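Shared between the two complexes below is chain A, which has chain B as its partner in the first and chain C in the second.
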Partner chain A sequence: MTLRWLKPAFRKQGAAALVSKHSSIGIAAHDDVPVKPPSGYWRLGERSGSGVSILIERRAVWVNSVLILALVLAGITYLCLGSLTLGPREVISALAGQGDMMTGFMVQELRLPRLIAACLTGGAFALAGILMQTLARNRLATPGIIGIDNGATAFAVASVVGMSVSLAPSAMALTGAVTAAVLTFGLAAGSGTQGYRFIVAGIGVGAVFGAITQLLLARVAIDTANAAYPWTVGSLNARSGGSVQLLGIGLALGFVAALALARSLTVLRFSEATASGLGINTGARRIQILLLSVVLTALAVAVAGPVGMVGLIGPEIARALSTPRHVPVVAATLAGALVMVLADLAGRTLLAPIELPVGIVTAIIGGPWLLWILMRPQRSHA
Partner chain B sequence: MNNFRTPPTLATEALDMGYGTRRVIDGLDVMLPSAKVTAIVGPNGCGKSTLLAGLARLHKPDGGNVLLNGEDIQRLPSRQLATQLALLPQEAVAPEGLTVTELIRFGRQPHQGWLRQWSAEDQRVVQHALTAAGLENLADRPIDALSGGQRQRAWIAMTIAQQTPLLLLDEPTSALDLGHQIEVFELVRHLAGHGRTVVMVLHDLASACRYADHLIAMCDGKIIDQGAPATVVTPQLVRKLYQVDCTLLSDPDTGSPLLANVRRATEPA
Partner chain C sequence: MKVALITRRLEQRTLLALLLTALVAVSVVSLLVGAGTVSPSQALSMLLGSDDSEAYFVVWELRAPRTLIGIAVGMALGVSGALLQAVARNPLAEPGLLGVSAGAAFAVALALVLGASAATLRISVAQLGALVGCLCVLGVARWRGVGNDPIRLVLAGAAFSALLGAMTSMILLFDQRSADEVRFWVIGSLAGRRLEDLWAVLPSMAFCTVLIALIARPLSALALGERMASGLGHHPQLIRAMVVLCVALLVGAATAIAGPIIFVGLVVPFIARAFAGPDIRRTLWFCLPIGPLIILAADIISRVVVSPSELPLGVLTALCGAPVLIAAVRARRLPML
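For the complex of A and B:
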């Protein structure tokens, strides 16, 4: 088809002439033209336009495969290293239920549950992070930075140090996370979730809950405070079995929900007006995304406390590896799990026999990372 | 394909809109002519962008209705509305790194779903949108690397791919130089030539006179006059809208009104 509208003659003929002259232009329907997927995609489905057609981005398949492989390797390393170093073969046979009792106990009862907890919490923090970042259109707006982690922690600590209420930590963490989210969104009301007012409100809410946690710990007996302390820095050492199972179920469901929301998430990166113009019910989607992010954060905090920065680093790695065509929820979850496994591995082994809580390791990596994000020259579209 | 056989009607009925207690649009009734280019003009703060936001359902009215084919748009599902009405907001920004084709593909969003992500129809329409906007040679260029006019054409191409009979544009040329403005306006004329109803908010009266079939002049949330530019635009209207005096000429080529000798009004309007 020619570019008639660009013809120079058009300019002199004026608008009225244009309408009549071009009204006959239509495009012929070429039903026999084979459907080619957009570049960079595989297309699954029928050749005709009426049936099912699913696009799979090649880059995403590649990135996710690499992340899974890295996670498996990191996981085996995690199971090998520790107070007693094992070889990969010993670990694999122990996983299969073979080998000597001692190794089997070490791997299956001590290290494997902790590895699973690391994967689940890392994945949940990072998934919650990329959801909140997309919702706020701001890569600083992770649940950790806008105070939700601290809210969950304060309430979970309250349940442990025996305030009058004593619900299970998961339920208390959820209550705290919801409270912090309501406060942050309430304080930023009117200005929307974009811009610094939202972030500043969140930092304030986080600081208040952080102080409440400290206050609670200061007022109880030293033993009780010691028991609750790991939560306040983030550790995989003090997890309760039930909360890990809850997180496992929550992350499985949340992951499926995030996949279902993926198409909307991709469009929500545009402005509110553009997303709405493209047929996204922005109000409903935003509430769903917010809820999902808050619940995932709360369940992960109930296991490991407010492990900072994983919600920032995981999505950042995923975006760096992925194309800008979509919001990489799968890659972010995998990258978060990988970061958490590596951080806890470092925390367990670097200063052995002293164990560094994983939250301290992620803070040491994450602090400079955050500075780099803030100080890096931004391109025009943030 | 692009001749919309039953043209849609978009109208408002006693529309009140505002922000908090501040009333911006007051009891406005308007009917937008089908398959024509309508320009909404008026001074800053007259409510023209608010009216567009109301027509696109971005902003809920305080009273009255916006009717699409006689139906209240507040009651339409989001996706259904997006197959009838496309919107290009002012200064739209795309996620970093997207190419022209990737942006245009987002226009297919309301026609797609999880199990229907890329049909023969999608492929045809995206190709058509590229061609219609004259962007074939820039198809794989990142949006960030385009000139202002090309970028705006890419955004309009996205709305073309949406295949809606109605297209709303909020100041589509506000940040563009003259050459780029003409690129955009000629594309808009091309779309109206294919049966699309285009409504755009413009703050440049001269462009509105040149490229619109129908002009809606607004002041203080009310419509002062509407109709063909040649009949609506008078020195009195220009003074009322912008507090300037001018001499009106007729364009020797197109017959549309031209504003000459524009100066600040000497006596109050």
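For the complex of A and C:
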């Protein structure tokens, strides 16, 4: 959903007049002359006289409603299926606190927390992905591909192997993610972030951290290593309650921050000169976006391990559904959550009683997708 | 001019001799050093003639086969890296990065789960998997536009090997017993390999040596371009097919013994080219000692660092190889092959 706050014209008149053809609205509203909103938009608040009006893109509303509906349906299916199949009615009554104890326990204590964790991690990975892609102006630059996931995983494994404090994985994952991001962006400083070189440098950084993870696992007892193994490929099994809560708070705050940044994101897709000409403080914005993306990735990795492909697939779906007018932040988050829920559902049920870690499911879906992106005739990225 | 060329040749000969000496030295160190309780001095005195049955067992039954296998794997990976880079005309084309090793590992995991266990079968399955992986990679490279951009090909290879890796993990989930057997093999290690494993791959390595001796000349002609090569009387398609066969056999053999070890095929030709210049034949000669040198050095480190347990070899090669990849990518211009 794109909320556009058009400020009083006298403040940002110059910038607003440049932004797009819709900028006339801002000025017109000030003059109190009703003007039709641009095609494809709804406008709220034009009669309030406060000089503030909100433009809502109709397509975005539809896309997001459909995604929410799909997410709810997928969530109910998720709660229904498993080692014991329940009917949708049973699930809904169990959610409301009725029905028998056994079903209630299974839905509320076992499946619901996992569903919530899936939604949160998927949303966080996809949001981080679209932020990073827009920042780097590179469609392939998702945190998973440029090594940030692996950095977070390596540090978080160090905390799991070394100490047993429930807060530690999130904090350590954050440290690792920041380290990896600094390395990748620092190493690519000369060649910019748009080409494939940046991505391959990131793959190199990711390989180093992947090796460090293996190194840490090789040093501990075989049981500890076996326990950590599903988590290193990405799984919702090994999550701890504390890290899920942290992710929830982080995603809520990060989502609001991303909405606030959405306008700058739209403009940052253009060249540096265009963006600063339109009144964006590109340096500060970039650092904010990078920080947001890294923090979201780290918190999600602390819950589910490196499921980075969601960060590629979610934004791809969102972009395919949305118009290119804006960066579809909300749609990407929803699509990421949907992908994660469906992938974990498939991993839990398709090969039952064996449970496929969700990281493997997303890698099997995402690998061919990535190949397809690479094999297509070259076009501009992001 | 001519004199300079000759001295350069001589210098290269000396360099090669030096590398061989270094290889012998590293092999001896590999016999002396280990993660276990037999100390280097104990092993040395045993080698010099003292009567120590524990040291005898450890050195000749455990460390010697391991060293020999390390040498074979290093040669195979180094040479196959140089060959693949020459035929893909891409200095970053590395069997591990492009998914050839992952193809071999996938095939082996599949065969293990389906019930195969004999060493020779494992090797031929790995070679078949490597062949399929190799053909996929070169198919992608010939796709419009992808092969022209070396870095894009690496990216496609990375995606391909990630996919294969995920599928390998998935297969292993079906079968816990094979999973325990394979989990350490999948990371890449020389620990616990027996001499029989080496004998099983020797025929295919000998075959590859003959094949490489035959195609080395045409291959350097191919470096001048496809039309130039056919103008000189070579058959580019045939050369390419033979190179692919060699790479598949070598990588498949190395993977079957030691597991997928990535980045060695990148680092070794990288160093070899620095010594030998652009000529593929000289590069191949230099790859022969450098590959085992790197593998053995990494293997020795892997035994010492976390003693008394061991570090998987693949971890160390990744730690050394990834910076080389980054350096190569950061270079303003990639050397064209």
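Quick note on the criterion: the second predicted complex is superposed on the first by the 335 of 382 C-alpha atoms of A that agree within 3 Å, B and C clash if a C-alpha of one lies under 4 Å from a C-alpha of the other, contacts with A are read in each partner's own complex, and residues count from 1 in each chain.
Going forward, contacts are C-beta pairs under 8 Å (C-beta built on N, C-alpha and C of every residue); 3 or more make two chains touch, one makes a residue touch a chain.
None of these values were measured; they are calculated from a predicted model.
Colleague: Considering only touches as defined above, state whether A:A211 meets chain B (first), chain C (second), both or neither.
Modeller: In the superposition, A:A211 touches chain C alone.
Colleague: When the two structures are overlaid on chain A, which partner does A:L187 contact: first (chain B), second (chain C), both, or neither?
Modeller: second
Colleague: Check whether A:G367 is in contact with chain B, with chain C, with both or with neither, and answer first, second, both or neither.
Modeller: second
Colleague: With both complexes superposed on chain A, which partner does A:V233 reach: first (chain B), second (chain C), both or neither?
Modeller: Second partner only.
Colleague: Which partner reaches more residues of chain A, chain B or chain C?
Modeller: B
Colleague: With both complexes superposed on chain A, which partner does A:N281 reach: first (chain B), second (chain C), both or neither?
Modeller: First partner only, chain B.
Colleague: Which chain A residues are contacted by chain C in one complex and by chain B in the other?
Modeller: none
Colleague: In their shared complex, at which residues does chain C touch chain A?
Modeller: For chain C paired with chain A, touching residues are 92, 140, 143-146, 149, 151-152, 154-156, 158-160, 162-163, 165-167, 169-170, 173-174, 183, 187, 262-263, 306, 309-312, 314-316, 318-319, 321-323, 325-326, 329-330, 332.
Colleague: Please give the residue numbers of chain A that touch chain C in the complex, ascending.
Modeller: 140, 187-188, 190-191, 195-197, 199-201, 203-205, 207-208, 210-212, 214-215, 218-219, 229, 233, 351, 354-357, 359-360, 363-364, 367-368, 370-371, 374-375, 377-378
Colleague: Contact residues on chain B for chain A in the complex?
Modeller: On the chain B side, the touching residues are 1-3, 37, 53, 56-58, 77-83, 85-89, 92-98, 101-102, 105-107, 109-110, 112, 114-124, 128, 131-132, 134, 140, 144, 159, 162, 182, 186-187, 189-190, 192-195, 210-211, 213, 253-256.
Colleague: Can you list the residues on chain A that touch chain B in the complex?
Modeller: Interface residues on chain A, with respect to chain B: 1, 3-6, 10-12, 14-16, 18-23, 25-27, 29-31, 33, 35-39, 41, 43, 45, 47-50, 52-55, 260, 263, 267, 269-274, 276-282, 323-325, 379-382.
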